[in-house]
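This is the structure I want to talk about, given as structure tokens.
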Amino acid sequence: MTPLAPQIVNLLAAILLLVTFAMLSQRRILSLIHLFTLHGATLVASALVVAWVTHDSELYYSAALTLALKVILIPWILHKLILRLNVKWDVEPLINVPMTMLIGIVLVIIAFNLALPISQLSSSIARGTLGIALACILLSFLMMITRSKAVPQVIGFLSMENGLFFSAMAATNGMPMIVELGIALDILVGILILGVFLFQIREQFDNLDIHNLEHLKEED
Amino acid sequence: MISYSGYFSQLLEIVVALASAPLLTGWVNVCRAWLQNKSAPSILMPYRTLHKLFNKDSILANDASPLFRMVPYIVFGCMTLACSIIPTLSTDLPLSPAADTIALVGLLALARVFISLAAMDIGTAFGSMGARREMFVGFMAEPALLMVMFSSSLITQSTSLTGIVENLVHRELAIYPNLAFAGVAFTMVSFAENARIPVDNPATHLELTMIHEALILEYSGRHLALIEWAASMKLFAYSCIGIALFFPWGIAQASNPLALILSIPILTLKLGIGGALLALIEMFSAKMRIFRVPEFLATAFLLAVIGMLVHFLLGA
Amino acid sequence: MDPLLWVLFTPLVGGIILGLVGQRDTAPNLNVVCSLITFSAAVILTVRIINNGPLFSFGKLFFIDPLNVFLVTLTAFVGLTTSIFSRPYMRVERDHGKMTPNRLRLYHSMFQLFMFTMFLALMTNNLGILWVAMEGATLATVLLVSVYRTVSSLEAAWKYFILCGVGIALALFGTILLYLAADRQLGGGTDALLWTTLNAVKSHLDPAIMSLAFVFLLVGYGTKMGLVPLHSWLPDAHAEGPTPISAVLSGLLLNVALYAVLRFKVLTDGALHNGMPGKLLIGFGLLSVLVATFSLSRQKDVKRMFSYSSIEHIGIMTFAFGIGGPVATYAGLLHMTVHSLVKSAIFFTVGHACQNAGTQVMADIRGLVKVSPTVGWGMLFGSLAILGMPPFGVFSSEFLILTTAMRELPWATPILILALGVAFASIFGRVQGMVFGETTAKPLAHSPALLPVFAHLGLALLLGLYIPTYLNLWFLQAVHMIVR
Amino acid sequence: MADLISLDFILLVIAGWLFLGCCGLFVIKRTGFVTQFLFPLGAVLGVILGIIGLVSSFDSPQYAVLPLGLPNLPFHLRLDALSSYFLLVLGLVSTGVSIFSAGYFKSSGGSTPGLLCFEYHLCLASMALILISDDAYVFMLAWETMSLTATLLVMTNSRSAEARRAGFLYLLISHVGALALLLCFGLLQANTGDYTFSNMRHQNLDLMWASIAFFLALFGFGAKAGILPLHIWLPEAHPAAPSPISALLSAFVLKTGIYGVLRVTFDLLHIQVWWWGVATLALGLATALFGVVLSTVQTDMKRLLAYSSVENIGLMFVGIGLTILFRAYHMDVLSALSLTATLYHVAGHGAFKSLLFLGTGAVMHATGERSLAHLGGLMRYMPRTAWVILLGALAAAGLPPLSGFVAEWLLLQSFLFTPELPNSFLNMLIPIVAAVIALVGALAGYVMVKFFGIIFLGQPHEAKLYYASDADHWELFGFSWLVLACLLLGLLPVQMVSLLGQVTHLLVGHNISSTIAHNGWLMLAPVSEARASYMPITFVLMLAACCTLAYLLVRRLYHGRFKRSAPWGCGYPFLNARMQDTAEGFGQPIREIFGVFFRMTRELPTAFDKAPHYKVEIEDPFWGLIYRPIAAITERVARIVGMLQQGRISVYLLYSFMTLMILLMVVTR
């Protein structure tokens, strides 16, 4: 096997992490979507590399699936959505960006420390990147926490899925095919339901601010 | 096996009690009069009063219940039984095992409860007030009396009065400090129980501070007579308890006629001294306000308890 | 013909059909019929399992053992009763104009699909499929929670979706780690995620990975179980949805999530021998019980209160399974059973009571025994049962759990006592106010379906007084699966 | 299985009661059938139960196993002397109450008698089951069923918020107690998964665990029996419940607590430690004194009786404490003596307290009044009830020759022998305890005079009392049954004590019946005639003789004439009923002396009031001392916990995130 492939994979992983950070700090919703598309694209690329190296046909399928879902379909849906709901304002995170960045870095360190012992055990060629995958997951989690609008939260959720996919690949060259299919199906349905939701929220409050959804609580 | 002499002494004792109870009351009044430099009434005065009352018709309130009419007999019965239990002349009494000190206190309490109920029956202000006060004196006097008896039963390891007496008589003369406390307590209690100064004034009517007289305000005729007689028997009983607990010498042991004969004058002597002392104390003390009575009785109660404690402290 | 297929595909097909004709008047009956078929198939399946022991199906894709077949039957039974209950309930809702034909269609088809996902999750042998099914269960119910399209129902559904989605994502990562661990033993492939295969080699799985995996899985499925502090979505979702959905959510979905955690606990225990999973479960259990009881003590909405009590009982079960050992595990399974029976029964009565009073605020619900005595007594006895009053079954499981806890870890018992006392005071104090007292409300137009309520309570009563040997055998085998 | 015969009969009685209850459910509205037929049948079953209890208390223990309950834990049943004795008491009390109920519920309109009948008989059945249960599971099952049914009975009049509150309080406290009992049993079975009592008897717990188990039991059973400070439900539940129910509660439901303590302490635990005894003694003493003092100042007749029940329970616990003390020092005779006193009190209190509560029932029937302020003078309008209640009151006041006195007598006797204790500190303690006991006894007399005097004597406070009608024949029948019990218990102590000998022999391995026996059937002399003796029959005969003799002599020597006239008003012409002592007035001296015992709010009229009025409210101090603070703390904690749920989804996500992080830290460190 070529010694080049792992380096490419690591490079792509680094790009992925970079993009995640960019999403974490991004205010404008449209460019957020673009970044998400890029995120997906990086994922597909790395999947293809790994597949090519390991001659793993299943991985090609799942790469194709990812391309279809995460790079083409979902961004397109989101585009349509925000055009229909014409939400183009900036997204003000709850915590200011430098702070978020700081926390993000801490998370990355934690993730690396967690992943280090495990990645030794992995048989995958992309084993070094398990830490990055975990970091991506945690960062998307952080993003969901810090965003106060519906759409960015959804995007955070989806990028989390990306992270998961990447980690699956990094750890074990991807899950069994049937599972991959199931996951893909779930994500698809999830996206549709999310769309329905956004419309329902929209028609209730005529904007997508999560602050409208803070009435169910313990009254004092 | 109880001998016939046992029955005889029992009978004799009851008769003596019934007969001489008014005499004791009379004697106390006489002493009082003497000490107050008054000309004394005849010592037989109580008998005459009783006779007079018995002859009178008794007047009942319109809505007096049967209970009201039964109570005098019940009280009288209780006191008679009490006197027959307490060894006054002899300790050879067939009845004494029927009731020990605790039962005796219970008996006195029974009488008290009934007379208070009778007082509440008519529903006059004085009646219920008297009942309340009587019960309230009683609930502190009873335990005190019980404690007094306990402190002597702790010495004698027995709660039956005859047992106590026999035991006390037979052991060599010794000073029992706890009996001193008990004695003082007992004196105070018996003053309260027999409605004497300083707790109550037997020679008064219609004071707001009266207790016993308020109870029996509605009684008249034979009922009143029975109650008065019972009252004097109560005094007699208490004096005999005091004698039995503290000066038991001279009470006839077993069934020997001579001792029995001898015991009568001894008893008379003791009662005479006791009555005189009673009158003397009454002389020198003033009637206290009704609100002070609890303190007085509480003191008695505590003294009795301390008596028991002392018994343990000095390690019997 | 394999009953397993019937159990799986009846709800699936039924869901699709109802998706087309769900608004018709016959739809409720069709719903009942589907559930009935499923239930009878489940019973047949159970009989086979108990007699012939565990079996595989579709190669190794499905694996049925006493543990999950008992949950399958329970699920099928509660599903059946719920569908029966929802007939008059939904009719009333429609008369009140809260359910439009479209919503009815959604409700009916989603109900069946939800059952399907749960059966899938229970019976599959592949832990990946298990994950897929759990996610599917969330997706199936999330639109039902928001079916009334009110502000609060929308909010509840949104929180349900996001929080459970995130949780389930973490669970996926846990699954991936598990796969990684398995990969090193079994060299990848579909078989590497089969529970049976993993169970065979569990003692060789790498401890470091397994412990990490278990944490992610616990946090993930724990969110669906509603363990404190991952529970925040639960009271909202259970309180805002239509009552039949609250019943199945509280009665069944929690069980399924707990089942998943149990499966993984078995594997993790096999891999690392420090009893870490048990400790975590005990901790989560106690925390859940404590927080749930105290927060239910200040509820004003009846459905919220009872959903908090669901959290409390999930906490108790988690605690029991955390203690481990045959007795506690037995008690845990028993508690799962009686809790889903009694809690769904309570939600049935609550549903009628709320329709009757036109509100969910407890202060405004009064004098149920006067309006409809059966509902009133049903609610009273249901609440007493859920509070652990004999002779209902909850008492027997709590009896076993408390006495065992007293000898296994005495320090935990004061917490439990405190929590149970608070729960008793709050629930009984409010319920007796709702059941008795004066009211002016009128009886409902459609007579409520009380067969489900009393069937459930009757079963709970039976389990309190006498556990049939057949059922007992079944429990014991399940315990054997878990404790091993 | 000829040797199981009596246990089988008991099971039959239980089954019969359950059957009657279910019949009640089927004829839920038919008052006549339920009251005239079902309740009397229940009474018959009660008689049977009592007879079986009496017979079987001399047999050796009998065992049975029912194929119910948890799979590896079927219902174990056991009938020994202790359970037989309590079954006897149960049969005795329940019979009287059932008969009375037949009359009482006949005219209590509104409620559904069938339901009541169901709950009532279920309660009786569960109590019987408690007494014969021989493993923890069936015990707790029956125990909680009893609490539940008793609560429903208390809430019979569920429309009144008072009844609902009382029922809630009762069930809450007894449920917390039951949880403590669960833990206690969890300890007693000592790591063997075997919950049968026979297994627990063979465990040797070390001192610490044994002590914890004992105090858990004391707490759990004390909550049911109503010891300080768990008595708080008693004065709420008794007034709220219908009178027969209060009678049952006071007469037997409380006693199940006593039974439990005896069972656990002397049967299941293998050791008794002296300081357990001291603790129990102190607790009981405090309960007794507190109860009697509070009952003197009550103005509601049933509340007054409830507090007097608290007092009696306290006395029983004193007896138990003393028994533990003697047992710890292996003074078997004395422990047998004090145990006998306790058990005697159980029966005696059962008899007279149910009598008194039933009496209040008759009064409420006739007048619809519960407050002493509105009663009075009823002796004229309901004389039969009055005489019955007078007897009960005398018994409750602990006066010879009735049942209450014997128990007190035995208790005081056992105190007098304590100097033989090897522990000097205890010797210091004992006289004070005895003194307090005596004080309590005297105060009980005060209470009873107040109770009887204010209700039945004097002038009626209200006009409507003139139309009060006496108890009907069912009620009188019930009365006379219990009166008979009071008299027999008072007059035949020797036979009773020899019966109790079996129980004491079972529990403390010794009995005083042998020493009693050779003094003949008349004389009760627990240790020796020289030490102490009591012959109730002679006593009462002599008393009667004196009274009648006096009566006859007076009639013979003088005359029986009397006139009627208005009572003497001391010159004041306008006597009226409002001049008598009220209940408050009668309690006033005690209020002055024991002011520290309760929280009192009082409004006094000033000299210039146009319409002067006087108002005093007595409150149980433990509300302020314990219960309200607990409620407040719970409230506060709940508010703090509620802050978790504050609505923002980001925060919820943060929770999950932090949980994940913390767990990861924990696992990987």
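Should a chain be cited, it is by its letter among A, B, C and D, assigned in written order, with residues numbered from 1 in that chain.
Definition applied: contacts are C-beta pairs under 8 Å (C-beta built on N, C-alpha and C of every residue); 3 or more make two chains touch, one makes a residue touch a chain.
Keep in mind that what you see is a predicted model, and the values were worked out from it rather than measured.
**Student:** Have a look and report which chain pair racks up the highest count of C-beta pairs in contact.
**Tutor:** Contact tally peaks for the chain pair B-D.
**Student:** Measuring between Cα centroids, which chain is at the maximum distance from chain D?
**Tutor:** The most distant chain relative to chain D turns out to be A.
**Student:** Compute the distance, rounded to whole Å, between the mean C-alpha positions of chain A and chain C.
**Tutor:** Computed from C-alpha means, the inter-chain centre distance equals 31 Å.
**Student:** Could you please state the distance in Å, as a whole number, between where the Cα atoms of chain B are centred and where those of chain D are centred?
**Tutor:** Their C-alpha centroids are separated by 36 Å.
**Student:** Could you put a whole-Å number on the gap between the CA centroids of chain A and chain D?
**Tutor:** Averaging C-alpha atoms per chain gives centres 70 Å apart.
**Student:** So, what's the distance in Å between the C-alpha centres of chain D and chain C?
**Tutor:** Using C-alpha averages as centres, the distance is 44 Å.
**Student:** Which residue numbers or ranges of chain B touch two or more of the other chains?
**Tutor:** Not one residue in chain B touches at least two other chains.
**Student:** List, in ascending order, every residue of chain C touching at least 2 other chains.
**Tutor:** 158-159, 162, 166, 170, 212, 295, 298 - these are the residues of chain C that touch more than one other chain.
**Student:** Find every residue in chain D that makes contact with two or more other chains and list them.
**Tutor:** Correct list: 639, 642, 644-645, 649, 653, 664, 668.
**Student:** Could you please write down every pair of chains that are in touch?
**Tutor:** Final set of chain pairs in contact is A-C, A-D, B-D, C-D.
**Student:** Where on chain A is chain C touching in the complex?
**Tutor:** The touching residues are 114, 117-118, 121-123, 134, 137, 141, 144, 150, 153, 157, 160-161, 164, 167-168, 171-173, 175-179, 182-183, 185-186, 189-190, 193-194, 196-197, 200-201, 204-205, 212-216, 218.
**Student:** In the complex, go through chain D and note every residue touching chain A.
**Tutor:** The touching residues are 639, 642-650, 653-654, 657, 661, 664, 668.
**Student:** In their complex, what parts of chain D are in touch with chain B?
**Tutor:** My answer: residues 376-377, 379-380, 383, 390, 394, 397-400, 405, 408-409, 412-413, 416, 419, 424, 427-428, 431-432, 434-435, 438-439, 441-443, 445-446, 448-450, 452-454, 457-459, 523, 525, 529-535, 538-539, 542-548, 550-551, 554, 557-559, 561-570, 575, 577, 579-581, 585-586, 588-590, 592-593.
**Student:** What does chain C use to touch chain A in their complex?
**Tutor:** 126, 128-129, 131-132, 135-136, 139, 142-143, 146, 149, 151-152, 154-159, 161-162, 165-166, 169-170, 172-173, 175-177, 179-181, 183-184, 188-190, 192-193, 206, 208-209, 212, 236, 240, 295, 298
**Student:** How about chain A: which of its residues touch chain D in the complex?
**Tutor:** Of all residues in chain A, those touching chain D are 94, 110, 113-114, 141-142, 144-148, 153, 210, 213-218, 220.
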